[in-house]
Amino acid sequence: MAELTSRGSARVAVLKPQVYAWVQDYGVYAAVLVLLLFNVLFTPHFLDASNFRTQLVQVTPVVIVSLGMALVIGTQGIDLSVGSVMALAAALTVLYLGYGWLPAVLVAVIGGAVVGAAGGALVAYVGVQPIVATLALLVGIRGLANVLVPQLVEFRNPGLIALGSSSVAGIPVIVIIAAALTVIVLFVVRRTTFGRQVVAIGGNRSASELSGLPVKRVLLTVYVISGLLAALAGVLATARLQASDPTSLGLFIELSAITAVVVGGTPLTGGRIRVLSTVMGALLMQLLSATLIKHNLPQSWTQMVQAVIILAAVYATRKRGTR
Amino acid sequence: MRRTDLAEQTDEPVLEARGISKRFPGVLALDGVSLALRPGEVHALVGENGAGKSTLIKVFTGVYRPDEGRLLYKGEPASFGTPMEAQRAGISTIYQEVNLVPMMSVARNLLLGREPRGRFGVIDTAAMYEEAERVLAGYGVETDVRRPLRTLGVGAQQMVALARAVSVDARVVIMDEPTSSLEPREVETLFGVIRRLRDSGIAVMYVSHRLDELYAVCDQVTVLRDGRLAHTGPLAELDRLKLISLMLGRDLDEVRSGGMTRFSRDRSSENRQGDGTRTPVVEARGLTRKHVLDGVNVSVEPGEVVGLGGLLGAGRTETAKAIVGALPLDGGQVLVAGMPLRGGSTAAAIKAGVSLLPEDRKAEGIIPTLSVRENIALAALPSLGRAGVVSEAKIDRVVEIFMRRLRIKAASPHQLVSELSGGNQQKVLLARWLAVRPKALLLDEPTRGIDVGAKAEVQALIDELAQEGLGVLLISSDLEELVEGADRILVLREGAVVGELSGDEVTEEKIMATIAEQSDG
Amino acid sequence: EEPQSAPAPTGTAGRQVVQSPTGTAGPTCTLEQFGGTTFDLKTATVGFSQSEKEANPFRIAETKSIKDEAAKLGITHLKVTNAQSQFSKQITDVQQLIAQGVQLLVIAPLNSDGWEPVLQQAAAKKIPIITVDRKINAKPCSDYLTFIGSDFYEQGKRAADRMIEALGGKGKVAILLGAPGNNVTTERTNGFKDRVKEKAPDITIAFEQTGEFAREKGQQVTEQLIQSNPDINGIYAENDEMALGAVTALKGAGKEPGDIKIVSVDGTRSAVQAIADGWLHAVIESNPRFGPLAFETAQKFLDGEPIPDKVIISDRDYDTTNAKDSLGEAY
Amino acid sequence: MNREQVSRLIQQHGAVMVLALLVVVGSLAFDSFATAGNAASVVVSSSFLAIIAIGMTFVIISGGIDLSVGSLFVLGGVLAAYGSQYGLLVALLLPLAVCGVVGLLQGLVIARTGMAPFIVTLAGLLGVRGLMLAISDEGATTYLVEDPAFAALGQGGILGLTWPVYITALLALLAMVLLQRTGFGQNVYAIGGNEQAAALMGVPVARTKVYVYVMSGLLAGLAGALNAARLSSGVTILGIGLELDAIAAVVIGGTLLTGGAGGITGSVAGVLLLGVIQSLINQVGNLTSAFQQVVSGAFLALVVVAQRLLSKAQRLT
């Protein structure tokens, strides 16, 4: 009798951790589903194709930025400069548009990589803590972008406008680009030596050093990638806006990106990177803000609801201690 | 006062486990284990790596909650929610991995939670430093107690942890492998402490893989095997072979034929001894770093095992680190196969074929967020793929080979390395270094925390590798291991080589004598 | 290189005009009443505290106008600070200007309340303060000298009038709000809503979300809006940038000019151009060229003339009737 | 004094040294920089950030981070101004109570669920600002300080400095004693240095964390309240990005973001450094806003690099 009961409870105990483990791994997917369901039921015109296009297009910059952010966070770092890098990219794009849109985009992306390299060098070689190194860049690079382009500039370059507004088979080009970048980053993280080294460094830096990993070079590269991706996001956002706006482009996007990464289950303590969940995290936050806007909630409510949802999502995916 | 009460009723267990089970995902770490700890006894807890010793201790001290079974403390049912509760109740523990705060000063670590107070209940720092110095002097540690703990060697840190645990007013003191990085003199100090504790009626639980120590200090023994209780009773009733056979779960005869250590060094054999004619695989010349190393010369020839001996803090670890470029130097040079090595770069050293198995496996060894598989493959990654893309098949093969060869006990290669038992983590690290096929391997306490069976395997492995032409620098606080394993031994003291023993001179007595000789002079 | 960013024309075009020419509708203030002493503006140190980055047409024109006028008048010691949209920083900026010995302060306040510490210091040293563009909630002629600027509430009302006219008095309207907590947002919203309630009860305000005065945000919010409220008839944007963002969104959604009536406030060149292109219905001007009026007022004050406690400028409207011709005057 | 002590000293006082350097350079370059009025304005305006930075120092040493302080600062101000109609006591206690409770909730969530402080307090940042907007009619209502005694707390003072400066100094002193000379302080260092070890050493980890976040919340609320008294109103557009300033100040002050090391003096020096940088930029008097940002970013980078190299030169990694 007593034995039976204890067996029964043991079985429950075996089942439960599995459920927990599942929620922990896929909680963000579940949250996205729940939010979709809510919208299908309560938001008019939600199922229109154009709506999905809108959401995907709007989330693109955050997705691209958070891919880089995920890599940085994987090394136990953080990159606050991404928003300013977007602004710099917007400025560079419009400055060099005279040479054609492709060269302009190239210059912008290189500019982003250079800023990333500066941050990476401060972190890897000088040993400045990532949050302050990139905070200095956040302030300075936004200023630089504004020095280059003091105010919003509209452009009429057809190539760049097409980049921001055309579609292939009904899917906006910029969404396709974001998807391709996701696949590339996924590949880098899962299948390359570099990807393994990134998480190893985040997991234990001194062990990685003693294991002969090129720690400094990997760190530098990670920040370069983050800068590069942020610049790309800036270019795409600029193309979509049909104007270069270094003043407000990418403001506070670092917080959205970090949230996406963390909601996706990548720990801020490094050593682990979840690429697809990061994208899901970004989608979750986008859907959430769309839902709140569509239901016309005042700003105060919007912010409070966002706070609760972030907490709930991270709570579900948090790492449980064994006891 | 209360202590004397306790001493009178010695046969009542002070701490008791009844039918404890603890499950982790994929492993049943403890399976119905019962054990009783009585006041005034020193109780050995032994078993292979992963047998469940540390888990049992953590159940006792409230780190883990058992899935089944009960704990009794002083005859009453007890369940400690946190280590703090256990400590408050009088159970003091030294955990297997040094668990102190590296950035805090030695004194603050030692006295955390019971700092001497001055006026207004504010901490009296002067008194704190004084007291810390006094306490540590009792354990043979003489150091500036204001420095951050991390600047001490692992051995010294272990002594601080020990001093901390013992100086708390405790009924039960639990020690999980306290001697794994202590050398003989410190071990003697520790034994003195344990005997003192026992005589004052305190129950001591003692975990170690070093059998000599068990026989030197323990009264009772409990053997765990695969999470189950294999034996419990007075230690004197068991001889070493019987004990080992209980631990391993093998026949007495089988164990007997295996011998005690697996080193089969034949020091007279010409081809293996360093005769100074061949180019050393690795040679360090005049390694110097202020206050730490003072012109150390070391050379290891292919197929040679060179031992590094010395007291705690003699600079063995620092020598090894300096050789692989993990320690900035003020002077000196390292040559690999006659070619000078670029200083300050571990990567360059590894590329040239020199690797270091670090002493501090938690801080410098494992990557806790990664699986066993990724940990093993880490250093060899560049060679396990093409054009920067890893080959999963190649990794699988390498991982499989080493997990089998080193008998790494894990639920699967994909288990997180941080979930393995201490000894198995050590084996994972060994595997990491063997996977890069080095020409010279610097092993800093390679068998630290490894069980008797596995230790013999590792030792046999070192032998085998040396025979294949690998040069090995062996650092061990276990003199027996050093003597049996090394062809030649360099004795360090205060960062300088003070003696070299080879051939017949390689004995424990000689090493001790060399150290002592120098300290007198 | 883009035509839209050509420098604003100089000269008198677009110069601010005082609404009530006499300016004596309310109480006035003289140097004597204020209790200060006169000084020569040319040799004096003058401080100008700008609130937001010079990164949008309004702020650029505003700072430029002050600097240009000072240069024109031969004022060599002009000290300019910028609070980068941080109110605490603006307070500190002005205090440091005072510490640097300015004799006249021109302030474009980020916020109407919270000027206590500055006012005290300035009053102690009898430094006259002219606030431009936004008001300070304090006593004119003692805490500060006077205010020159537009009436934001009035702007909201006039925007409502244009919206009512465009929609023929009924329909569904969305508001793109400015940054939350901002006085400008509050007043432009209240003016608009009050007027709609009063004049056109058949117009419902179906949607109001912040676009934070930024083009991209205006675009994003509008994209969500037209997706979930396809029956919307008009959009009131509380500045031109958000209105232009809305235009981009409408273009992207395949709408034609005029499908949805957009009314906004500011009068930047791009917005006036958008009227000419048919995308915007009307723009209520908010004129940022405070330089001439500010220094003129200061000079009068120093000369002992009475100064009105507020100088409200008369803002114009842009619509299809005048947009093309007024392009040169827009900033 | 041995090597480690020297390098520790330099690491802890790197910010003070850089600060001194900057002040000297500033005084030589600008006549109006080293005046009493200017110094007072830097010190007075820095005092509010300093109060927040003191709380942040505890949080960061404990291995956490608190992003909610900017929002708590503005909420504290609004509540204080609102409360001032009921007198001085309410004006002070209302913001302290509410901000303390927010800190308590954040602390409990962090300590009990093991969620990352960054994300919990990020939610706090959003939620608290939402709350502030909700009680101020989406930011449109600015409550004015009614109680003259409360206003005097923010505006009055002696020797050319206002009371908040003296309150800050007192708090800094108390915080130093708390951190260095009490068991609580030791526990904060211990859990930041190695949380697991601290737990095994018997440190009440959860409780310590909760206290730390409560403290940070209280101090942010207090800073907001004092600021409201100074401005005589509960301005609703404050505090955006303030958390980053506070973090920057603390880190520049030599506190490790990974926890376990740092101190109050450094943080206060860090706050003053930020203030002096701004003041120097104002002295130039004619930089465009964009250039101002470039300069302050460059300054910030320079300062952290200098501070880093100073400690690195001593081989302290």
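In this document, chain identifiers A, B, C and D correspond to the written order of the chains, with residue numbering beginning at 1 in each.
In this section, a residue touches a chain if its C-beta (ideal position, glycine included) is under 8 Å from a C-beta of that chain, and two chains touch if they have at least 3 such contacts.
Just so we're clear, the structure is a prediction, and the values are computed from it rather than from any experiment.
A.B. asks: Which chain lies the greatest distance away from subunit B when centres are computed from Cα atoms alone?
C.D. replies: Measuring from the centre of subunit B, the most distant chain centre belongs to C.
A.B. asks: Let me have the rounded angstrom distance from the C-alpha centre of subunit A over to the C-alpha centre of subunit C, please.
C.D. replies: Each chain reduced to its C-alpha mean, subunit A and subunit C end up 36 Å apart.
A.B. asks: Suppose each chain is reduced to the average of its Cα coordinates; what separation in Å results between subunit A and subunit B?
C.D. replies: Their C-alpha centroids are separated by 42 Å.
A.B. asks: Need the CA-centroid distance for the pair subunit C / subunit D, whole Å please.
C.D. replies: That gives a centre separation of 34 Å.
A.B. asks: Using CA atom averages as chain centres, what separation in Å is found between subunit B and subunit C?
C.D. replies: One centre to the other, that is 72 Å.
A.B. asks: In subunit D, which residues are in touch with two or more of the other chains?
C.D. replies: 133, 138-139, 256, 288-290, 292-293, in rising order.
A.B. asks: Multi-chain contacts only, two chains or more: what residues does subunit A have there?
C.D. replies: Residue numbers touching two or more other chains: 146, 150, 267, 299.
A.B. asks: Between which chains does touch occur?
C.D. replies: Listed in label order, the chain pairs in contact are A-B, A-C, A-D, B-D, C-D.
A.B. asks: Which bits of subunit C are touching subunit D when the two form their complex?
C.D. replies: Subunit C reaches subunit D through residues 50, 52-55, 78-82, 84-89, 91-93, 95-101, 110-117, 120, 137, 179-182, 185-186.
A.B. asks: Which residues, counting only subunit C, touch subunit A once they are in their complex?
C.D. replies: Spelled out, the residues of subunit C in touch with subunit A are 1-2, 4-5, 53-57, 60, 180, 206-210, 212, 214-217, 219-221, 223-225, 227-228, 230, 241, 244-245, 248, 252-253, 270.
A.B. asks: Going by the contact rule set out above, which residues of subunit D touch subunit B in the complex?
C.D. replies: 2-5, 177, 180-183, 186-187, 189-190, 193-194, 196-204, 256, 260-261, 315
A.B. asks: Report the residues of subunit A in contact with subunit C in the complex, numbered from low to high.
C.D. replies: 43-46, 48, 50-51, 54, 57-58, 94, 97-98, 146, 150-156, 165, 237, 240-243, 245-249, 251, 290, 293-294, 296, 299
A.B. asks: What part of subunit B is in contact with subunit A in the complex they form?
C.D. replies: Listed in rising order, the residues are 23-25, 64-65, 67-68, 324, 326, 346-347, 349-351, 355-356, 358, 363-370, 374, 377-379, 381-382, 385, 388-390, 432, 436.
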